[in-house]
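Letters A, B, C and D mark the chains in the order given here, with residues in each chain numbered from 1 onward.
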Amino acid sequence: MSEMVTAEAVVAALQRVGAELVAQEAYLTSLDQQMGDGDLGITLSKIGLALQEFAAATPVEDDIGKWLGKAGMAANKAGSSSFGTLLATALMRGGKVVAGKTTLNGADLAAMFAAADAGVQERGKAQPGDKTVIDALHPAAQAFAAAIDAGQSLRAAGEAALTAAESGRDSVTPLRSKIGRASWVGERTEGKVDPGCEAFVVMLRVMLR
Amino acid sequence: MKKILNQPADFVPEMLEGLILAHPDQLSYAGGDLHCIVRADSPVAGKVALATGGGSGHLPVFLGYVGKGMLDGCAVGDVFASPSADQMLEVTRRIHGGKGVVYIYGNYGGDVMNFDMAAEMASFEDIEVRTVLVKDDVASAPPAEAGRRRGVAGMVFAFKCAGAKADMGGSLDEVVAAAEKALANTRTMGVALSPCTVPRAGKPTFTIGEDEMEIGMGIHGEPGMKREKLQSADEITERMMTAILDDLQPAAGDKLAVMVNGLGATPPEELYIIYRKAHQMLAERRIGVHRAYVGEYATSMEMAGASITLMRVDDELAALLDYPAHTPFFVQV
Amino acid sequence: MKKILNQPADFVPEMLEGLILAHPDQLSYAGGDLHCIVRADSPVAGKVALATGGGSGHLPVFLGYVGKGMLDGCAVGDVFASPSADQMLEVTRRIHGGKGVVYIYGNYGGDVMNFDMAAEMASFEDIEVRTVLVKDDVASAPPAEAGRRRGVAGMVFAFKCAGAKADMGGSLDEVVAAAEKALANTRTMGVALSPCTVPRAGKPTFTIGEDEMEIGMGIHGEPGMKREKLQSADEITERMMTAILDDLQPAAGDKLAVMVNGLGATPPEELYIIYRKAHQMLAERRIGVHRAYVGEYATSMEMAGASITLMRVDDELAALLDYPAHTPFFVQV
Amino acid sequence: MSEMVTAEAVVAALQRVGAELVAQEAYLTSLDQQMGDGDLGITLSKIGLALQEFAAATPVEDDIGKWLGKAGMAANKAGSSSFGTLLATALMRGGKVVAGKTTLNGADLAAMFAAADAGVQERGKAQPGDKTVIDALHPAAQAFAAAIDAGQSLRAAGEAALTAAESGRDSVTPLRSKIGRASWVGERTEGKVDPGCEAFVVMLRVMLR
């Protein structure tokens, strides 16, 4: 039988992500100051706090999917910059595909990842290569699904996703941002890491910890 | 960071509290949330309602234009951050007077995503919502990619014209058309001389040399066309005006509304020096000025700099612009 | 020095040129001298005329209040320098509508000497001139020496009340009495966080540490009571309010007009945070707010900081304050 | 017979004063920045320019007094800060007492000095000891008159006036300013030279040159 992720583990992972977003406020803000308006860390710190509060206060009640959807709504209330809204969208879409479940297996997690990826693309209308979080999220979702399909462990699939996210992030660093605020910075974005890609890597890394 | 504030996290809620205390006859808020600013007398039955929204730090944009003859409501975000879809929905519900709601706001990712979500949610409640995006900043993309441009001070002309149309009893289609017509004829460009600091970030968003300016900077400090040596007022004005005129292409004999807008720290004296040159350039081209607005209309907290907005007006737009309006930040009789 | 200007010597004339170009329906100038700003429709026959004057660099003070329901004319000096007696006389002649002229201006040496000279000269031309000096800044002298105090933002309340009285058809005595009554009930105090630069001087008039503020600074950078560490908005507001309330001594049940004024670079967001605390302090003392003004009313170019002005109003002052006014910088309906 | 000052010499002296005021703009402004609003040098530079233009363009036409009065009016038009207005007043009052004269002797100059002193006190309402230009002007006028009365040369009387002006200026430096803008600076004016006193000394010095 395949490995299972319990509700407790999901709650703990969300807590870790929340705490990490608070801890990385200054770092992520400094990245966004270079090619945006400098609010990314602030937004994500507020979301991080809200997610921790949500996770502490809200019982899962035998439905991880619904619980994640509600986490997404809490995130959107807490901070609704571009990235914040996409993060909320990812949580809501990811939750939707596992509605009613009390534990998650590898295939569930891969489906969540894919739904989040699709949801973010739909909401944000960015294409791969536009130098947005998509360029880390999309390869990560694909690598995760491939590893699960190949029968690898959850940990191995997670590591594969992280590696794919990091190299996706790095692959677009030389490029010019084509969407959102950074697109107005034009050539001056070339060579600078996309703050959203980095924020995603930060979150994924702490989820696996 | 030299700001008059208490805790950075309380900057926006305390500002909103002060605003409601100062203007109780004109403003109120919906859903128990200060971030959902509405006209005190909303909903106005039988009138198309107008809403906007966006980050804080740009006063009078956005909430400063809520009032008779302009907007009905505004969802207020944290500094430079979009409000949430929920807050927009709350405003939408409260201001809906039975004839639909028009969202007019700047073309920024977070705002677009959240307003789109709010519009979807509102449609479940049988509120017809239409959206008009403001993309007036010529410095943010070339004409071929005008759809990518960001919205800056020009949104005030859209608020004014659409608000007048709604107050005159216009239908949802007519109000949308008025906003779109205003924006189709509106272009803006700005220049920044100093940065601003997001209270919670504690340090300036960007740095700029003591003798430099950024031509085409956005109202959140987004860079523009070029970083250059500081020039004279006339040269700066010429740069901005030329870029706008090349894009808008007004003809001799046309009439324009002109807005010279301070970004926050620039004294009105300097804005009038800019206006002088802008007016002279128009006169040379035999272009008339229908109305001049000189002051702070869309700011970036304590950023120094200015923008120029031109709107080409025909008789219809002129009448909409001249129509009275009355908000805490904008009174026209 | 980061300013948008051409030659420093042209700062004021070019500003005035821009002003006249922007507001041709409202403003004009007398004697062929742009420094002599008057209402476009002056003289208003049968109305007591009001004039003010003073240095440039304080917009909307002084000339920004020339318009219906407020002032008839303003003599404009160079940055922070009095206009000449000649210019004041020129304004006086042009606005005189047959019922006398009231000078209302701040208690500054150069202005007093020149207005006194102008009044002497006007008397030779059979124009009756009366003078009301504004001395509202509690930080500039203790109560026992209140006659030595300088005039700051509180002058706007005097312009408003006297201007309304004149527009209602008041006699020379009545207009003077309205100005004096307004000022007897008006007190101001300010705090500055950053200096400003006189364009022609090229460097800041004073320096102030990155973590310091000057409590009680005047609008030309004149020091006040104390240089201190920067405090929170609530603490700063409490300092200003306490000084004013101690001096004005309003009683529970009284009503006040409140003005929170930005000195130039301070964003409106911060002014509303100040207003919030001021309002709370008044509510605690059971003092009502008749009207709140939050914005830039008397500035020092790009100086950061704010002032609070309180005016105790009875029914008469309340009615004068509520009366409509219409100038390029101040519209009330 | 006593020494006589010709109209040409008066015109030349006014030219020298005008040029010096222009030359000292930055210095006088820096003094006023310390206890005022920083416009003194600017105002006096504008007045200096106006006085030079006036002196170059306006013939004396056999009336030094009237000519000086008109110079005062030109000065007031050019710059009307406190000091500028007092300077204009001094020129007008000084001119008045020598109306109709084509040359000036020591007694005329002493009378002009006294009239200027009285006019400045009347217009500005400052008392000796308030730490204003009066504290340099008044002793200078008295020293000049005493020297003339004692039969000294114009040059010697001028030197006596300058010495008196300088020591008057220095005598009030330790004091607190009691009038005008500087009075609001309060104790922080103690130990700083009064800008108006220094401006007067600067003008007197160049007149004697």
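By definition in this document, contacts are C-beta pairs under 8 Å (C-beta built on N, C-alpha and C of every residue); 3 or more make two chains touch, one makes a residue touch a chain.
Keep in mind the model is a prediction, meaning the values are calculated, not measured.
Trainee: Touching subunit B and subunit C alike: which chains?
Mentor: none
Trainee: For subunit A and subunit B, let me know how many angstrom lie between their CA-based centres, rounded off.
Mentor: Centre-to-centre distance between subunit A and subunit B: 32 Å.
Trainee: In angstrom, rounded to a whole number, how far apart do the mean CA points of subunit A and subunit C lie?
Mentor: So the centre of subunit A lies 55 Å away from the centre of subunit C.
Trainee: How many angstrom lie between the centres of subunit A and subunit D, each centre taken as the mean Cα position?
Mentor: 76
Trainee: Select the category (line, ring, star, complete, other) that matches the graph of chains linked by touching.
Mentor: Contact map by chain: line.
Trainee: Provide the full list of chain pairs in touch.
Mentor: By the stated definition, chains touch in these pairs: A-B, B-C, C-D.
Trainee: Where on subunit D does subunit C make contact in their complex?
Mentor: So the residues of subunit D in touch with subunit C come to 29, 33, 36-39, 41-43, 46, 73, 76-86, 89, 123-124, 179-181, 183-186, 188.
Trainee: Given the complex with subunit D, which residues does subunit C contribute to the contact?
Mentor: Against subunit D, subunit C makes touches at 55, 77-87, 108-110, 113-114, 116-117, 140-141, 148, 150, 198, 200-201, 205-206, 218, 220-224.
Trainee: Sort out for me which residues of subunit C touch subunit B in the complex.
Mentor: Residues in contact with subunit B: 2-6, 11-12, 14-19, 21-23, 56-57, 59-60, 64, 193-194, 210, 230, 232-234, 236, 264-276, 279, 292, 294-296, 299, 301-302, 304, 306, 326, 329, 331-333.
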